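Next, two complexes with chain A in common: one pairs it with chain B, the other with chain C.
And then the complex of A and B:
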């Protein structure tokens, strides 16, 4: 998996330069770095086999989901354990609109995202009052309840699942369309995440994470800001859900409300580095790569190996990959660099 | 709706109470949302299953060896793994126990395959009939076990030195440490007791459900609900929470159809959390940290 290796390597290099270059040069460097990554990603599907195109599409999807979750989890500090509810709702709204009213895909996806946002605002007002583990449990309950409700609704096809209209193109072309769609969504979500992170709003959210009462005293309308953050997370997750619906064509409630899936991208956020822009993306590529490799080699024990990977990650880099690079590897590199300069 | 529905609800609730007890203890004392609780219940079920299949031990009797085995498992898990991340980012234990759960379930799948298994006692399906109401013997036993273990846990926590140390740690970790309590040991012991309580639930679950390595998964969700419903830090909380949930589920299923049974418990959960965030008997415990 060359892209993820490169990315990890470059992330390390970029961070190393951070200590040497001025902020402006550093910004130019990171823009250049992202541009190179994007060019690689744009060329990759024409060079790689269909298998890798599919794996990469999955990685983009998880990276986008992890980045969306990071806004409420990483910036605001609310452990949204049942974020999958927005993924499922996005998939179902998109699917139902396309099947029942023949709405074109981009519009249907947008509607899915907006619907999720609206739902987050309505449900967020009572639920975001809860703190810590209680919030995590409530979101978990919400996602399970929504799965059962969707399963018992007629318009969604109930437990029989929903089939979307097939796009009549060559499978290879279809895979390319999905690939670039996911890449575009990932880019969009990362841009949103970056903008949020560097805005007044983002600082407000971090203040809430650090000390909610303190933030309130500083004049932040905490409820409003938390609901807004959750609505952004919901919107992005819903859009990704819509893209998944288009990609997989047929799905049932257990497929898109699968709690294992949201746990997976929650782990990705922690793995990469919670509360950073690049962390969730790196985490997604890393864990998807591990689980894909393990899936291919050890089918019988792949779940166990994933579990072991999670345990080891939590024990040995509890603050995530980015933090480990910054705190352990960078000092070594810069010290070595300084040494060279002197000698 | 017949009164039988209520009776069924109460005996189902007794099982939920057992499921919630260990989860609630671990959550209250250490603030760990133990996602491996379902997997521990499953291990308890398999101990009971093998004792019954190999030596014909009654499931109610095999509660004791199952508890012994699971106490060791829980103690070792906390001592060697979970203690390493205690006191850090609180949500990290959520992820850690999730990983442990995957490991345990996969281990069980390899060891015992995914075959459906059942414990069929000689008194299975028999019950005491009073008028038109039927009280199945095994389910009455479950109710008795739920009540006895609630009282036993209460006595342990309020009458023994170890119980006092656990309560002290839950209320104020630093303070307990200053009084000479070895926090790491207390954590390991608490997790061991939590696992032993999971073993009780596992043993009696074999008489209610079909046994597979996934038997604990739906029960894990119920453990959440029971804990939140009853409130943390009260000995009667899990029992009352479990009974309410059991009755609500069976009544809801009778009124709306069994399709909604699972949805009902989670809708109750969300409502309770929004209206009564500390549950019915909740106290301000370390784990609550509201």
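And then the complex of A and C:
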């Protein structure tokens, strides 16, 4: 390890978890930063090529999925390996409503989200009494079972897939609509995540994550809180699924119940910083950027390169990107200030 | 005095082992009741039964005239029973102050308490247990003594009527023990009834109004600290039969026996 690395580590430990900004300044900085990002995101599609607009739309989608998952996984500490079930259900409920009953898109998406929520409550009441690993296994089974159910139903088009009514607009305009729809959903999910994280409910969830019995004897109805958290995750994931259905127009059960896809946004949550508001969003952008870059440059061995990248990330920032920035980089930038405050 | 908490023939079996065996006593409103007994006597299991972490095998537990052994842990907490754990497990990931605030948000009188108000209450509670200056620390950055204080502060923030303390003084040095005794007595003076398990004899003899003794899951004695200190069955349970026999043979006075407990 070089001297500068050691210094960096020292500085990181010295200023552990105590920010150099006052909470008020910190909040203003965060708001300003988010505002700039939103303005960039609003201008971007008019400046970028169609390819990058699609890449960004995908990033928004994954960021929204990772943020949704973070509520049950990051805040509550329950590993939901089969979260893709809500993505698929959201897509199918939206699709079926639009195809069979000509329900307008926003209503169909909302119905998809609510359906997922209701499903999470009904399934959650029994399986969220399970602790830890059992829940993870149950969700995994659930997602695979649901794929088979949908494959064998007539109303969903079965294994042949489902085609949504095509919006009769220029493809460029269509891409713009989807882009802003995903951006809006991402903003909504992040706001929900922020509100949950700072609320009484959010503190309850984090207490459950740390020590479930301890939380219970302090008056937290743990099963109810876990079910609520899962219902919120399901609602948000279902809405994103509905948006995906609209975006891709045609899909089959393996497309939307793809277990690798939920593994991907699970990795994003860890990569960015589990249990934080911004972490899953950052993780999604990082991983999507890396995988797009790798895909383009190393067509033959892209899976290998991507795997190596994930291994490196886990080795060097096991607690996620956010934590690394907070504990290593910020103190380095403001070391003088940090020392002053501590003395 | 009226009974705040009544235990009627409470039993808890783990397979063939009777960890708690037909235990029967009452905690009077406003008192500090100590539970002592050798390791493995079933003291912590009994506390777990009261806070519903362990379902009873048999018996009844009544709090303020209401049967509570059929309720869930969070319901019991909301009725006004707070507790600490022998092995402290603070909520990792939350700061010290946030840990205490969770108690204020969810405890006895706090349904729907706002986060800001809970934080304010947490600050007051931390001052009472001498933890105020550690509010922004992470739970792994504080000393063992501070973790014990945090454990107590979390339970206090729930504004309980009955406080169950499970070895809050274990691992503390004599000065810290004195401080913790004072804090417990101060809490009691403010009207909180306390049921306390403790191995530090000086502490439990010093602050308890009454003491019950458990041995092999059974209640073997109850009385004032003075009575307990001179009870042959208690001495036998703690120091062995041979010592008790030797003591009887010598028939030494009460004062020298009491000094054994120091």
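The definition used in the following text is that the second predicted complex is superposed on the first by the 316 of 343 C-alpha atoms of A that agree within 3 Å, B and C clash if a C-alpha of one lies under 4 Å from a C-alpha of the other, contacts with A are read in each partner's own complex, and residues count from 1 in each chain.
Here is the rule we use: contacts are C-beta pairs under 8 Å (C-beta built on N, C-alpha and C of every residue); 3 or more make two chains touch, one makes a residue touch a chain.
Just so it is clear, the structure is predicted and the values come from calculations on it, not from any experiment.
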Chain B versus chain C as contact partner of A:250, first or second or both or neither: neither
Which of chain B and chain C A:129 touches, first, second, both or neither: first
Chain B versus chain C as contact partner of A:310, first or second or both or neither: first
Chain B versus chain C as contact partner of A:298, first or second or both or neither: neither
Contacts of A:137 with chain B and chain C, given as first, second, both or neither: first
Contacts of A:198 with chain B and chain C, given as first, second, both or neither: second
Which of chain B and chain C A:101 touches, first, second, both or neither: neither
Per-residue touch tally on chain A - higher for chain B or for chain C: B
Which of chain B and chain C A:220 touches, first, second, both or neither: second
Chain B and chain C contact sites that coincide on chain A, given as residue numbers: none
Complex contacts: residues of chain B adjacent to chain A: 27, 31, 33, 81, 84-85, 88-92, 94-96, 98-107, 109-110, 221, 224-225, 228, 259-260, 262-263, 266-267, 269-270, 273-274, 277, 287, 289-290
Complex interface listing, chain A residues touching chain B: 79, 81, 126-127, 129-134, 136-138, 140-142, 144-145, 148-149, 151-152, 263, 266-267, 270, 300-301, 303-304, 306-311, 314-315, 318-319
Residues of chain A touching chain C in the complex: 16-18, 198-200, 203-204, 206-207, 209-211, 213-222, 275
Chain C residues within the chain A interface of the complex: 51, 53, 72-74, 76-78, 82-83, 85, 89-95, 98, 101-103, 105-108, 110, 112-115, 118, 136, 138, 141, 154-155, 158
